[in-house]
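The chains carry the letters A, B, C and D, assigned in the order they are written, with residues numbered from 1 in each.
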Amino acid sequence: MHNALGNFLTLTTFGESHGPAYGGIVTNFPAGLVVDLDAIQRDLDRRKPGQSAIVTQRKESDTVKFLSGIFEGKSTGTPIGFIIENENQKSKDYAHIAQAYRPSHADFTYDQKFGIRDYRGGGKSSARETVNWVVAGSLAKQIVPTFEINAFVSSVGDIFCEKPYQDLDFSKTEDNIVRCPDEATAERMIEKIKEIKKEGNTIGGTITCVIKNVPAGLGEPVFGKLQAELAKAMMNINAAKGFEYGSGFCGARMTGKEHNDLFNPDFTTKTNLSGGIQGGISNGMDIYFRVAFKPVATLLRPQESIDKYGNTIIVEGKGRHDPCVLPRAVPIVESLAAFVLADLFLINKLRKI
Amino acid sequence: MHNALGNFLTLTTFGESHGPAYGGIVTNFPAGLVVDLDAIQRDLDRRKPGQSAIVTQRKESDTVKFLSGIFEGKSTGTPIGFIIENENQKSKDYAHIAQAYRPSHADFTYDQKFGIRDYRGGGKSSARETVNWVVAGSLAKQIVPTFEINAFVSSVGDIFCEKPYQDLDFSKTEDNIVRCPDEATAERMIEKIKEIKKEGNTIGGTITCVIKNVPAGLGEPVFGKLQAELAKAMMNINAAKGFEYGSGFCGARMTGKEHNDLFNPDFTTKTNLSGGIQGGISNGMDIYFRVAFKPVATLLRPQESIDKYGNTIIVEGKGRHDPCVLPRAVPIVESLAAFVLADLFLINKLRKI
Amino acid sequence: MHNALGNFLTLTTFGESHGPAYGGIVTNFPAGLVVDLDAIQRDLDRRKPGQSAIVTQRKESDTVKFLSGIFEGKSTGTPIGFIIENENQKSKDYAHIAQAYRPSHADFTYDQKFGIRDYRGGGKSSARETVNWVVAGSLAKQIVPTFEINAFVSSVGDIFCEKPYQDLDFSKTEDNIVRCPDEATAERMIEKIKEIKKEGNTIGGTITCVIKNVPAGLGEPVFGKLQAELAKAMMNINAAKGFEYGSGFCGARMTGKEHNDLFNPDFTTKTNLSGGIQGGISNGMDIYFRVAFKPVATLLRPQESIDKYGNTIIVEGKGRHDPCVLPRAVPIVESLAAFVLADLFLINKLRKI
Amino acid sequence: MHNALGNFLTLTTFGESHGPAYGGIVTNFPAGLVVDLDAIQRDLDRRKPGQSAIVTQRKESDTVKFLSGIFEGKSTGTPIGFIIENENQKSKDYAHIAQAYRPSHADFTYDQKFGIRDYRGGGKSSARETVNWVVAGSLAKQIVPTFEINAFVSSVGDIFCEKPYQDLDFSKTEDNIVRCPDEATAERMIEKIKEIKKEGNTIGGTITCVIKNVPAGLGEPVFGKLQAELAKAMMNINAAKGFEYGSGFCGARMTGKEHNDLFNPDFTTKTNLSGGIQGGISNGMDIYFRVAFKPVATLLRPQESIDKYGNTIIVEGKGRHDPCVLPRAVPIVESLAAFVLADLFLINKLRKI
């Protein structure tokens, strides 16, 4: 179903940027789990706007309210409904774009598809939808607490974190506002974003996600391969343009002799170009993947565009927009990864007698 | 459901490399369509082994038999069941690998997941499963006959087709055995594959797919974005390691000013870094994406590995394997793209009154 | 998915009797429809407690808030999220049953299944969940406004409405508090319920639903037969014990010669024992079915029971319970029928080219 | 998805009466189970035509071929594909009905829905589809081998098996050709069917199914209630007109005081009007339900009808039709019940930590 994430553990969502609230329903969350609500709010806080000088200055408290499925601190096994109220809707801000088709936004495609759209703040196409995903993913993490899921910003524009992930200390990711665990690179990234912001411009980048301690066996042979489920989830993030896991696009330049991961006698592998997945199923090695994000389409500078009648207009973003989505996308990537893995973890329990 | 492709138009499949047959069921194929069975067989022939010197020399006729859903040449709207019988199973060939865990194969992960596996020819993990997808995708093409779906080999190892796709003549893709429409590049690719084959080695590469004439409106806002559905389908192909669309990973290095696609007054865009998709929904421009494939894991040369008990063994591929999957993957990519698009095309018909 | 109603048009829900709110998400509601919010509230008011002397005296305003998917009075095609806040939770009322297993309630089965349950007011097993269904069904009615869906109470205990439905005037259903359009029968039913209520007892009954103006073609051949979709929806209502359509259980006593519905030259049929459905697909004749409801399990009189440790206890309902669910179930039956039909109506649009 | 049975364990099917074969795919069957193929064929033999004097004399061997998912006698966890070839298609028999709309058949509705239909032997609307369900259900039984699932013919026309099911010896069901375990009643039923057959007429009846040894906990709270899943499955059987469980329609005439099932200290209940289900979840008591079947629509005597142009015609069944579907429907009811229960059994394993 194309409004749900997950196969057994599922998330269905609703919400628009300037409606009263976002929210969702998580189905098949197992009963009896002590739910750490603070951990969920912490993940939401990592995603929320207004955290630092390099993200949007919009203020939203992004407080989640759970409406069902949790009783006296424990999950009851029944659907978990939740909402996050929108607080900071300034609908007047958007009157000027009611008829406008902003470049590289979804205004035109929504009009074509639906014949109507909530134009305020991007409506349904707003990335604010991801607030739902963080709630659900943070819940999902609690099903698989031993999995270590760490995403970080691995590039901003042409500035890349050159170290292999094995040389990074993920406990430092939150130490800087760009969420790159390599301090020197982080500083350059922050400088770059500030510079870009000053120009009213925006910039893209990549996020790398590393997942340790996943047992072998997760993923399904056909149409439910672990990498396909991850790719689907990640490519639903608003600005995502690409996904690769393990050797990725580099692997396409290699020979089999170079690329094959030879076994150790303990069933680990000497190398891990496979990215922890063989035949769509986890093999117990680290799972790692990378997601490419395009630069934000809203610029704080004038751009020529057209309105819905084909008239030439000038559009210009006002006030509170992200010059770079990467820092705030880190918890989103982690949350989606957690949800995909928890879903496949549960399913895998039923796959042999 | 993790054994199905598609949301409304769906494909469910079965089959193992050395079982009696592959097959599948296509549900919700619309009634009343004159089905071109020859076109389907032609697509199967493009995928089948034994076509040329640079692919596996195994022989399979890969003849599809339709068992339901088509009556007097027309679709009846009821489920279309089909099978492709396996002809060339030499199970004895595989006795030597019953206990072996081949490097970068799914032997170990299947054993971990299921505790049992059909080890003959890779069993369920064999890429022969894609024969089902070609049947279904070729059927799906007939739902959207005006969409022009052209995939081609855009790189083999370090040899890239450097021309932008706009400069290529897709009618030439089938003119050479590697399926690259640029003849000069094709020759170099073929040379490279022959050389690699001689060494008993294998090589990776990329396939680019371009889809023209897709109307605006296909794709769903959340969890059903067009790029996510494409990514999911492509990342289920056995050797796929990465997916990008439009500007892809290059887009992650750009600024918003460079990346935004400005509108023309007729609602087309001056550039198309978006790859024909905005907000998860097609905008009428060309859709294009690229899939990375790792080199085939089976080498015709000895590799050190282990068996299921952790003993060191030597594995060596015998006889009939692809040195490079790219040429045969071209129709697979096209078929999956067709299926995804036909599914979203049907769904889109219901999205406004 | 076992927390969703519908195949294409879907409803996912959440909520417990004494949590903060009920709610749900309707996916794939078509864009561009002017949504009549008053009509939805009217249906909710028909279901709500406290309407008359023969239903529970509990007070809930049951006001629905739409949180997304409707903009400037029209559906936008995006998911419609809604909540109904619970107002009248007196959780203290239920402390005495935290450990109790009430007869013919779900206390024991929930504990067995989940190992934990929200015991307040039945928690997830409360029929208050149906408030969600009325919202969704009332929305669905607006997709198929020409379908005339009329349910009514056709029996209470041994008091049956003996007239064939063709002799009833459905405009009179709302004229009495028991919702039987035959005034004389209604009076007897009301008397019966009052008498039963005085004893602290409860009583069962049946609801008949008649649907006119459904075009031929709705329903899918296998596993999606119209009668099966209706049965599934109805048998999910909390007290439902049986479902029959057309001739139903009476038809099982007949011969083919008696039962066959012969055609008129205009493709209508002379009789309609088929209940408007042939081969799982509507034929344009009236669809009618009947649902059996058991008596409410909560009695306002002492019953012997056990607690979760197997100790004998006395349970006794306090205060505000329905002596008979039938009157309030009428809008629930209509809503579910509307949802099922709207779903199949949309699907049917795609089933031929 | 409306071409699938089950939520986690799923069956997708295809096939038409006079096509080359029926078949299906069972997904998520657990790995490692020794599959008893003979037991499956025995169930098929119980359903097949030509078994006795009171069913159709058509001959079909109904031999199932498994094409995947079973290796060296054990399930591998991968999709189980199977086909049953049609042997006895006499398409010429049906030429006379190509344009005919037979009374109470699906000819008219299929034409309305799809604009085309395979008219041979009812095509997709033929009850021969149930051959697929018996294969899948018989497989499913092997997931839950301790569940005792016994269906039997409880009425034919006005002849009812009056004994409560507790007084019946299910080991005798197969001792007579009508499949009623009460020998005296069986004889009367057989007489009745023979008499009806002589007249070229047909007759309806009911099947009761009793399931013992089901643990508490199966079924999901909302939209996945055990009774709703059973009802949906049963109401998909071609001639089914009604479904009731536990007290069923009789329960609708009772008061709460009569109907409530009081607990014993060991958590069993003194009575079982609930039919083994509370709040949609099994409680460990016997599950029992009853399905009503209408008389077969095909009569071996002339009936007035119309053709697709509205012309009056005479239709008359030829040769080989069931005068009463009940005896052959017994294994179908059992198979569907087994499939529903095995699906919910697997799901239930994941519902608490």
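In this text, a contact is a pair of C-beta atoms (placed from the backbone, for glycine too) under 8 Å apart; a residue touches a chain by one contact, two chains touch by 3 or more.
Given the structure is predicted, the values throughout are model-derived calculations rather than measurements.
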| query | At the place where copies chain B and chain C touch, is the share of residue numbers found on both sides over half (same) or under half (different)? | reply | same
| message | Rounded to the nearest 5 degrees, how far is chain A rotated relative to chain D when their C-alpha atoms are superposed? | response | 180
| request: Quick one: point me to the chain whose Cα centre is farthest from that of chain B. | output: C
| task | Report, in whole Å, the distance between the mean C-alpha point of chain B and the mean C-alpha point of chain C. | result | 46
| said: Taking the mean of the CA coordinates per chain, how far is chain C from chain D in Å? | reply: 26
| message | Where in chain C do residues touch two or more of the other chains? | response | 1, 3-4, 13, 28, 31-32, 77-79, 113-116, 124, 221-222, 351-352
| chain B residues touching chain D - in the complex, by the definition given at the top | 1, 3-4, 10, 12-16, 19-25, 27-28, 31-32, 65, 67-69, 71, 74-81, 83, 113-118, 123-124
| chain A - residues contacting chain B, complex | 1-5, 7, 13, 101, 103-106, 108-110, 112-116, 124-125, 129, 155, 157-158, 196, 199, 201-206, 216-217, 219-225, 227-236, 238, 240-249, 251-267, 269, 273-275, 277-284, 292-299, 301, 303-306, 310-312, 347-348, 351-352
| request: Please give the residue numbers of chain C that touch chain B in the complex, ascending. | output: 8, 28, 30-33, 77-79, 143, 221-222, 346, 349-353
